[in-house]
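Right, one structure below, let's go through it.
Labels A, B, C and D are assigned to the chains in the order they are written; within every chain, residues are numbered from 1.
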Amino acid sequence: MAGSTFGKIFTVTTWGESHGKAVGAVVDGCPAGLPLTEEDIQQMLDRRKPGQNRFTTARKEGDLVEILSGTFEGKTTGTPISLMVRNQDPRSRDYSNIAEVYRPGHADYTFDAKYGFRDYRGGGRSSGRETIGRVAAGAIAEKALAALGIQVQARAVQIGPYPAEDREAVEAFLNQRMSEMDSAGGIVECRITGMPAGIGDPVFEKLDANLAKAVMSIGSVKGVEIGDGFAAAKVCGSQNNDPFRADGTGRIYKTSNHAGGILGGISDGSEIVLRAAFKPTPSIAQMQQTVNRQGENVDIQVKGRHDPIVVNRAVVVVEAMAALVVLDGLLLNMGATMKGIESFYGKGPQD
Amino acid sequence: MAGSTFGKIFTVTTWGESHGKAVGAVVDGCPAGLPLTEEDIQQMLDRRKPGQNRFTTARKEGDLVEILSGTFEGKTTGTPISLMVRNQDPRSRDYSNIAEVYRPGHADYTFDAKYGFRDYRGGGRSSGRETIGRVAAGAIAEKALAALGIQVQARAVQIGPYPAEDREAVEAFLNQRMSEMDSAGGIVECRITGMPAGIGDPVFEKLDANLAKAVMSIGSVKGVEIGDGFAAAKVCGSQNNDPFRADGTGRIYKTSNHAGGILGGISDGSEIVLRAAFKPTPSIAQMQQTVNRQGENVDIQVKGRHDPIVVNRAVVVVEAMAALVVLDGLLLNMGATMKGIESFYGKGPQD
Amino acid sequence: MAGSTFGKIFTVTTWGESHGKAVGAVVDGCPAGLPLTEEDIQQMLDRRKPGQNRFTTARKEGDLVEILSGTFEGKTTGTPISLMVRNQDPRSRDYSNIAEVYRPGHADYTFDAKYGFRDYRGGGRSSGRETIGRVAAGAIAEKALAALGIQVQARAVQIGPYPAEDREAVEAFLNQRMSEMDSAGGIVECRITGMPAGIGDPVFEKLDANLAKAVMSIGSVKGVEIGDGFAAAKVCGSQNNDPFRADGTGRIYKTSNHAGGILGGISDGSEIVLRAAFKPTPSIAQMQQTVNRQGENVDIQVKGRHDPIVVNRAVVVVEAMAALVVLDGLLLNMGATMKGIESFYGKGPQD
Amino acid sequence: MAGSTFGKIFTVTTWGESHGKAVGAVVDGCPAGLPLTEEDIQQMLDRRKPGQNRFTTARKEGDLVEILSGTFEGKTTGTPISLMVRNQDPRSRDYSNIAEVYRPGHADYTFDAKYGFRDYRGGGRSSGRETIGRVAAGAIAEKALAALGIQVQARAVQIGPYPAEDREAVEAFLNQRMSEMDSAGGIVECRITGMPAGIGDPVFEKLDANLAKAVMSIGSVKGVEIGDGFAAAKVCGSQNNDPFRADGTGRIYKTSNHAGGILGGISDGSEIVLRAAFKPTPSIAQMQQTVNRQGENVDIQVKGRHDPIVVNRAVVVVEAMAALVVLDGLLLNMGATMKGIESFYGKGPQD
């Protein structure tokens, strides 16, 4: 089934394998007239690049994006924006050890179960490189949102069991993982400010439902929460309800934000807060038990350049996916009322 | 935007407000030849009925489902199945207090912000009664899944801060909430057994991504996790990876299931495990601060028959949504390989 | 596959068989605030009723529509509008002759080939009664369009080989068909006035492409054309191109309209013109050759109350489908430019 | 709105402008295991190349396709297939005359009306070069169909007012058009053989409805018909109904095929026949009246290398679009019956 397209009005279709010729995305439904250059996209892509510190892989990746269509004289035309990043480092490597063996925690086995075979080089389509297309599309979405005063900002808030701001504990924890040829997970939080109230569509296209899907579709994510999330299950309604107040100038606000900015699946105008839990990177150099394609029990050590933790690189992916959902929600909401439509098109002959 | 349809091949469109004439659903894309009676659906609907213990609302609801189309001689015909449940207790009540006031934790404010006005009687479309359509559709999906040997089973695993099996603590906790005119949340877990490997479509239509959307689209859900979920963020890769083993008869299994049955967004053949966190019911009789439609600060006490906890009634809704996703995933997967298609249709003229 | 939903933002899902309990539709994505009563819908439904002259079937059908959800205090709420029409005349009839025999020109054989069996009573889902849901939804769409100054108007322009306005020839032709127990086809034309330029989305969601699909999805339609249609294939570019002119007040118009109001799949602001060719009603009382479910050659006479011509009753169905496409196109177009979006939402913090 | 994606299970997303860097397509949902090389696609692309005779444009286009992803070791992997054709001849030309002037019969005016501005070089997105992506995708679809014994074959059947086989009249007609700096249209017919019965989904996803949309979405198409099409409107039911017969070996066939292989929107197992009417190429070097962007009346001569007739080059585009619809229909049909699903997956625990 075609599962590589995301969104309804503003859509992204990603393509490409980690060790094929290129990876890319087609962004369709982007409003015309948005100023857009390759540099706008490159800046966001650079945030997901490895090699930024010693806990991310040492591989050099240029990841230079090329806009192949959809802009003219520096602005989007409303037609599909095709984006491509050549795979610059597909060195001819020996994959024979992983070609025939299912790496634990990876999609090797499930791709074979589904498709009968797979491109085993570097994870193929389930590689982290697929997220390049997401991030490139997210950069465009964030630029459009910024023009409406909406900011999307993600950051790592937990590394393994430690709060990300407890840097010493985090560094010690990661050093320990590396020395043990092991890996770590963590939590990314994303906050969206400047949201108008009213975005999201009952009952299946709720804003939080689409955010959950968007974030859970990122590799290694095992949990998503909005606002207080799982913690909300423990408290009382009187603690969890956010009181509304009026500030006297016509603005309505909430005095707390346990809901994370969404009520009944629709934005309430306060900050949107979501968190995504990432499992530890499954690629570890320790000896592990597994099975090969012939159905024999074997041992495997996953060698190569792997991040012991993907959370830092995943931050921008979470941000990109959230931006895609929010922009699509804004576009979908424009026809919500007759009043809005009549104001947009005029009320007919009498105008 | 049309947000009331869920699914791609097997779809459900729900409709209806809590205090309108009826609620219902249209299930489209159901395979022909499934034996189906109103009783099949009624049994599952009865599991969400209130009045089953003293912590659920005292309201009598018959909730008798009527199949209006799509079956013939006791079997589905492949055409849309229209299901309706009349609202039997829309007593003409005085809603004037909530008509003009935004209940904290409810969708009153956001519906008004989106649509300009709303059906304020009993929550309108954001009422829990909307889930009747989901459950009715889920009953059909579960019946189709059962024919393939797949079982979907949900249960409450946490009530407020207590494990559901700690009944004494739970009862004391809920009694305390009721005496304080307060409410409680909890966690529902859903397990799916008998799944073939290979279901789910990279990269945006992953099985876990669609499960996350399905469950997050249920009112009051604030978090979703698959397998170990948020706990996975804290551990090491060597702890979290599930080793594969072969049993010597051709079957491949995992010796643990931290992944919750999904790798790379595709089912791995082991049990699927997901959890949903429900916030406490926002309707509480305590005095709360809020704002009215005129933008004035007011106090509100939400009166009426409300569950102090929705978790027990929501169990079957989670189960229904999971069943819809799994069945749709199975149908979408049928065209994954040329081999499967050729076997289904025959290989052409030579046949 | 779920094939009973039409549209992207403004959608209709139809359900129901000719001789089941009821037929109906769920209209989702209707903008909030549209004044709507059952009478608005009934008026359009009455236009497709049989029994209006002696060339349509004598069957009495009340076809009274009931709005089950989605309106409140006389206006649409933005939530799904469920519409139902009870089947009032499903008299227990003897279908044994058609249950086992494939009527030529009907969908009996193809439904059996697809689903393994079918509801054979009166054509089941392929009956003309399915169009009740389309017409009811179209009535809502036309009302929303009227608020924007857009009118959709269909009429029969050809009956058999004769222009519809040549009434004497038409009456003689139809009398002849009836006396021979035969049937006739014809052509319906639909014109849409008041259209703004810019509606329709390149390259697959062109306005004419969606109109073609909408109209071809009506039973018995075998051809669709826009503007001059097939006649355009015969002439020269210099004859077929419509010159643009400016009227000096800022308005741009065309001095001819061979294009039928659509250029490059996008409305050009002039009248939209489309035509649909209907085949003759396949139900005829003449003896015909066919095959039964057992694969034996048999003869069949299709008895019962059948229109010798469906064109007159189909006029309103063509109109309804065109209205659905146009309204959906208007809603989809609202996010076409950054300028439009910024004007709708405001340009952010500085506002 | 995102309008550049076509299909539900097997999808194509096209991108690119005539004078940008490249044009291309992403084909998603292609079944895994289909042998596929660039040569397979190139052969079909070559059929739409200009310069094949003196009535098509003299422009040299290599149009060499590159597969960027989705295949491995010569077979499709089930992941998105990214296809790109560089624009080799985007010579820096003087577009100033058409940049500011709306060519009659073109999409210049409607793109400006929709998006506020456009890439005016060579028609931008509304150029015939967009069809490269369609044809490339169609080549893949045709290869998959061939493996199932299904052949799709299109050809020109009418050039201007003359049957295509009347070569002398056609040549004289086209010579006359060229000498008058004028252009011609025509009709393309497409036939699909080897179809199983049962493909197409009532009531909106009928096979003919999707074929109509597919074909009408091709630039310059103004009409579509299935089987006898518009001619069917003139005859009697007794002439138009196709009798069924059994051949004694279990096969059911029709003794005529006025229906064009589709009954009730579902394939009946006989040959599918459709025709598309193309208007004359709007680009003509004659002087024409039009308007410029400033809203002034001006005259225009459209210079440059233009085909006086696009019908011959469009043949393969019609064929490609038909192939996409048919393959998608086959995939969507696989879940039509419980029997088929149970046979595909096994009937559960007892297996």
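One rule holds in what follows: contacts are C-beta pairs under 8 Å (C-beta built on N, C-alpha and C of every residue); 3 or more make two chains touch, one makes a residue touch a chain.
It should be emphasised that the depicted structure is a prediction, and the values quoted were computed from it without experimental measurement.
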item	value
Chains in simultaneous contact with chain A and chain B	C, D
Longest centre-to-centre distance from chain C, chain (CA-based)	A
Selected interface, C-D versus B-C, where C-beta contact pairs are more numerous	C-D
For chain A paired with chain C, centre-to-centre distance based on mean C-alpha positions, whole Å	42
Distance between the centres, which are taken as Cα means, of chain C and chain B, whole angstrom	35
Chain centre separation (chain C, chain D; CA means) in Å	24
Two or more partner chains touched - positions in chain D	1-5, 8-10, 14, 29, 32-33, 78-79, 114-116, 125, 196, 202, 332, 335-337, 339
Residues of chain D touching chain C in the complex	1-6, 8, 14, 102, 104-107, 109-111, 113-116, 125-126, 130, 158, 160-161, 177, 180, 182-187, 196-206, 208-217, 219, 222-230, 232-246, 250, 252, 255, 258-260, 262-269, 277-284, 286, 288-291, 295-297, 332-333, 335-337, 339
In the complex, chain B residues that touch chain D	8-10, 29, 31-34, 76, 78-79, 144, 146-150, 194, 196, 202, 330-332, 334-342, 344-351
Partner chain A, residues of chain D touching it in the complex	1-5, 7-11, 13-17, 20-24, 26, 28-29, 32-33, 66, 68-70, 72, 75, 77-82, 84, 114-119, 124-125
